[in-house]
Amino acid sequence: MSEHVISIRVYFGIFFVLMALTAVTVGAAMIDLGRLNIVVAMTIAVIKATLVLLYFMHLRYSPRLTWLVVGVAFAWLGILIGLTMVDPLTRMWLRSFVPLAG
Amino acid sequence: MEAYSDQRERALETTPAAGPHHADHQHQFDSAAQQYDASTLGMWVFLVTEIMFFGGVFTMYVAYRAAYPGAFGHASNHLNLTLGAINTAVLIASSLTMALAVHSSQMGKRSALVTYLLLTMLLGSVFLGIKGVEYAHKFEEGLVPGPGFTYSGPDANQAQLFFSLYFAMTGLHALHMVIGLVLMAVLVLQARKGRYTKLYHTPIEISGLYWHFVDIVWIFLFPLLYLIARHE
Amino acid sequence: MEAVEPRTNYLNADYGIKSWLLTKDHKRIAVLYLVSITVMFILGGVFALLVRLELLTPGPDLMSSDTYNKVFTMHGIIMVFFFLIPSIPAVLGNFLIPLMIGARDLAFPRINLLSWYIYMVGGIITLVAMVAGGVDTGWTFYTPYSTAVSNTNVIPTAVGIFISGFSSILTGLNFIVTIHRMRAPGLTWFRLPLFVWAHYATSLIMILGTPVVAVTILLVAMERVFNLAIFDPTRGGDPLLFQHLFWFYSHPAVYIMILPPMGVMSELVTCFSRKRVFGYNFIAVSSLAIALLGFLVWAHHMFVTGMSIYAALIFSFLSFAVAIPSAVKVFNWTATLYKGSISYDAPMLYAFGFIGLFTIGGLTGLFLASLGTDVHLTDTYFVVAHFHYIMVGGAIMGYLGGIHFWWPKISGRMYPEAPARVAAVIVFIGFNLTFFPQFILGYLGMPRRYHYYPDEFQVLNVMSTAGATILGLGYLLPLTYLIWSLRYGAHASANPWNATGLEWTTPSPPPTENFHETPIVTHDAYDYEDFDFETVPLQEVKVG
Amino acid sequence: MPSFFQLFPEQASTISKDVDALFWFITSVSAFFSVLIALLVIYFAVKYRRRSDGDRPRTVEGSLGLELTWTIIPLGIAMMIFAWSAAIYVRIYRVPDDAMQVFVVGKQWMWKMQHMEGQREINELHVPVGRAVKLTMTSEDVIHSFFVPAFRIKQDVLPNRYTTVWFQATKVGVYHLFCAEYCGTQHAGMIGSIIVMEPSEYAAWLSGGAGKSLASSGEVLFQELGCVSCHRSDSGGRGPALTGVFGSTVKLQGGTTVTADEGYLRESILTPQAKIVSGYQPIMPTFKGLVSEEQLLQLIAYIKEQKSSGEDPNHGSR
């Protein structure tokens, strides 16, 4: 049984980090960073999600197969978004297509 | 993975094959350990499908935000940031109480388990309540896509895309919350009956995985929906 | 063969409707699926015949355009979502995977039963929508036609398909966990039958792809119900985005349909040539390669849609790559025949048919992966012919081959051999006569989904309709004699084909718990050289 | 028109021979491999048929060399087809600069064509032989697809967007035009003819019954809709002057730029707020619902003719 008991202190620690990161992401959104705004927001979201995955969801103490499963999920999410976006992002390069109007 | 059949071979040594069914696992498994491993793997695989399910909507979001950054920025500012941020905090807190519920079940503390589950349900309900208030505001302000859409900002058409995605994403998320609440209600009833012990509490664990996943979805929804172009 | 003694097996362990509807036995659930998808197959087949009858003449004379559009739509929806996708996985996979890996059941028997109920609910909703007026969007539900224009039953049909998607997801989930966690001692990954490998790859596609199409179809319904703007071009929506999300699943779905019959092929070819499969590792890994690469090629359905030409170049390139693992499989099966001891039993005839038709189906895919020719051929009958070679010539041939092969295991009875061989030949001839002319029609430029057409296309259409009639008769034969065999067929021994594989080590039909003792595996798959052949003369077991 | 029964479609455009060459190349590759597999299967099935129930064939071990051979050779052939076909594809969609322009609007269930000279046709398109023709197409409702088998071209026609394709006919005659993307009840009836004529006959056809040219219809609209009050020909208007704007690079607010093509002009008329030209106020109202797809194309034809140099405005060339 690959069960692992995490101490309550760790749970509360992660909780406070998550709360702090929420405050940071709201604060960062108020500052004009240009294109960096979205990068900062997404980086913080990824960090928060990773913390939840690793500690609340015990991924850190899970077998390698679980890591593989999670990895596959995000890889396929990447395929879905990445390969889909190849089309709209390059659509106007050669043909005179402007995406849409309306 | 490769070693798994060896693992099962070991399990067989302690549990005679196809022998009398033991109370601590279902008949198709050889041991409680195998059942536990299968159940958690099953939940993780299910979460993969959930990631792809939300992934479809996220793809739509990415495509349209890339096409209409301005419209999305303006429309985003019509969302209530305070309520959104409070909800984020509420949901993270509910994830904490859920983690504590799992912890209590691992320790075999029945009453703490029930308390934490109820707390999680309470926080989940608060989240849904606040979401309901936000939805009501959107209806009053005419920000619901369709013929009644009265939006004063520029690019009203593309703003409809934003609000459609807002309702689709938060709606699907809320639906998952409701399912989670139902799951937890069942867990509370079972826990009260003493169904879960220090040795057997797999349903608590895998429901916890589900609840944290719903939290993760919100962790992405919050900045994507509420935090665009807030500095303008 | 020894006298038949009453023996408890999964079929006679319990009686009554309730014992079936509440069963958690994977074998009984497989039988439930077998009955339901057969009904769906007959329905879809009737629609196909209606389409072919209408196209016998150039004019619109059998039905109105509206009806015709609904008929081909229902043919597509029923065959794709309610027959082909569940066919081999839900029937043969459900029945055989636990048997093949030496387990007592799938990991989650209740979820398995739930998946059948979900399938039934989705199917019934779709059929009700059909009876209540039908739907005319084509099985592809392209927006904005499906969201803004069609005034048919799009919403209930979409909901039905959305629901049935979860049946597929749960089946895939169950298989993955079962294959990971419940293999018998000694059954390492590279000792697994290739049927199991194929189903593992199929399950990956089911869990990774199905959710995307589910949410997409759901949003199409939402757009109609709540007037959301998701794909609506008048509010800035991009109809091509729908196509991307739709094909992200629906192209890999083709591999959901073809990987399982490929798995069946490996079992048939080895058993009936009594040889270890040639290049086991390559066939196993090529299944995974197909599952992965299959997700990278979807936009080859969109080369003329106004998609970016750079995206078209990338997707075309990747589409050629996915052809390779399929080719590897075909070459390996052919090489397996070399120096074998080949018998011509009915399942093997289907296997020969599969190899031939799948080869043609796969190779004609090159025309559609290739950008320059796809522009001319896409949306024509060339595409129709191509995917029917894969889905009917490949998937259904494989399905029928598998059903014959495992029929003794499932039913405990032998089917009559002579009519089975005749049926296999008729299906092969009827199939080619139906679909080969359509390649030419497509090259000449006849578009798909046309209710009526210019006169010069008639001769080929008449050939196609004639073939469809033969094909339909060919399918009726197995339906008849298989049902006949349930009562009059000879009793089957545990291993009538002298095949390796754990499923043949347990009696036919198997007991509810599958194995009285958990088997311990010490050999590689298809180890026919060290196999202990039973000397029961085959003739005695068979009736034909 | 094609005969009663045929096996090969007509070749009537410059691209069709190239497409067919590739088609027959892939056909021969496919035929070769199909026959190879079929012969091997039949040969093995006969030669190694089970002669007695006691047959115990020996295992033939897999061979890495063989596996690599039948991986690499098909891969090589596939890559060759990819390169060949990609070259043809780019040709089909890269419009030559000297192409004459025709505007196409698809709707359920008809094709509406507008020539630059003002002729309008429904479900028929007259074109001269030997001249490149560029089609700029849009749809009023659902997705359609402009398919001329004899030319080997096909392009989907989308609502709210322009797509383009071109062809150059090589043979005088009448050819099928099909809608190839399912578009509803009368999809099979959304057909028409491409009528390829000798240039002289085409000129005669053009001059018969010609009304105002597309650009002059656009000019009338430009006056009627009041566009002219802001988009004055000098630079003092409240909106940017449109002389020479087509094909130029426009600076937008926020520092980005955009090429002023048909799609950009269309968007600017229907959704003026989407892209504001740098130095101007977002004051233009939308003309969505006020102009039809055909009128939009007329306006665009007019704007295209407002060249800054003294080019001949009567030709649709860019």
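As written, the chain order gives the labels A, B, C and D, with residue 1 at the start of each chain.
Just so it is clear, contacts are C-beta pairs under 8 Å (C-beta built on N, C-alpha and C of every residue); 3 or more make two chains touch, one makes a residue touch a chain.
Computed from a predicted model, the values in this text were never measured in an experiment.
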Next on the checklist: Counting C-beta pairs in contact, which two chains come out on top?
Outcome noted: C-D
Item to check | Chain nearest the global centroid, as defined over all protein CA atoms shown | outcome: C
Checklist outcome for this item: Taking each chain's mean CA coordinate, chain A and chain D are separated, in whole Å, by 40
Checklist outcome for this item: Per the C-alpha centroid definition, the whole-Å distance linking chain B and chain C comes out as 34
Checklist entry - Centre to centre, by mean C-alpha position, how many angstrom separate chain B and chain D? => result 46
Checklist outcome for this item: When centres are defined as mean Cα positions, the distance from chain A to chain C in whole Å is 36
Checklist entry - Among the residues of chain B, which ones contact at least 2 other chains? => result 1, 37, 41, 45, 48, 52, 55-56, 59, 63, 67-68, 155, 157-158
Next on the checklist: Using the touch definition from the top, which residues of chain C touch two or more other chains?
Outcome noted: 180, 208, 212, 233-238, 240-241, 244-245, 248, 306, 309
Checklist entry - Residues of chain D that touch two or more other chains: which are they? => result 93, 160-161, 163, 271, 274
Next on the checklist: Under the stated contact criterion, what part of chain D meets chain C in this complex?
Outcome noted: 1-9, 18-19, 22-23, 26, 29-30, 33-34, 37-38, 40-41, 44-45, 48-51, 53, 55-60, 62-63, 66-67, 70-71, 74-75, 78-79, 81-82, 84-90, 92-93, 108, 141-143, 145, 147, 149-150, 152-156, 158-161, 163, 176, 178-189, 191
Item to check | Of all residues in chain A, those that touch chain C in their complex | outcome: 65, 72-73, 76, 79-80, 83-84, 86-91, 93-95, 97, 99-102
Checklist outcome for this item: Per the touch rule, the chain C residues reaching chain B in their complex are 98, 103-109, 111, 169, 173-174, 176-178, 180-189, 207-216, 219, 222-223, 226-230, 234-238, 241, 244-245, 248, 513, 515-518
Checklist entry - For chain D, which residues are in contact with chain B within the complex? => result 271, 273-274, 282
Item to check | Residue numbers on chain B that touch chain A, as the complex places them | outcome: 1, 32-33, 36-37, 40-41, 44-45, 47-48, 51-52, 55-56, 58-59, 62-63, 66-67, 81, 85, 88-89, 92-93, 95-96, 98-100, 103, 106-107, 157-158, 208-209, 212-213, 215-216, 219-220, 222-224, 227-232
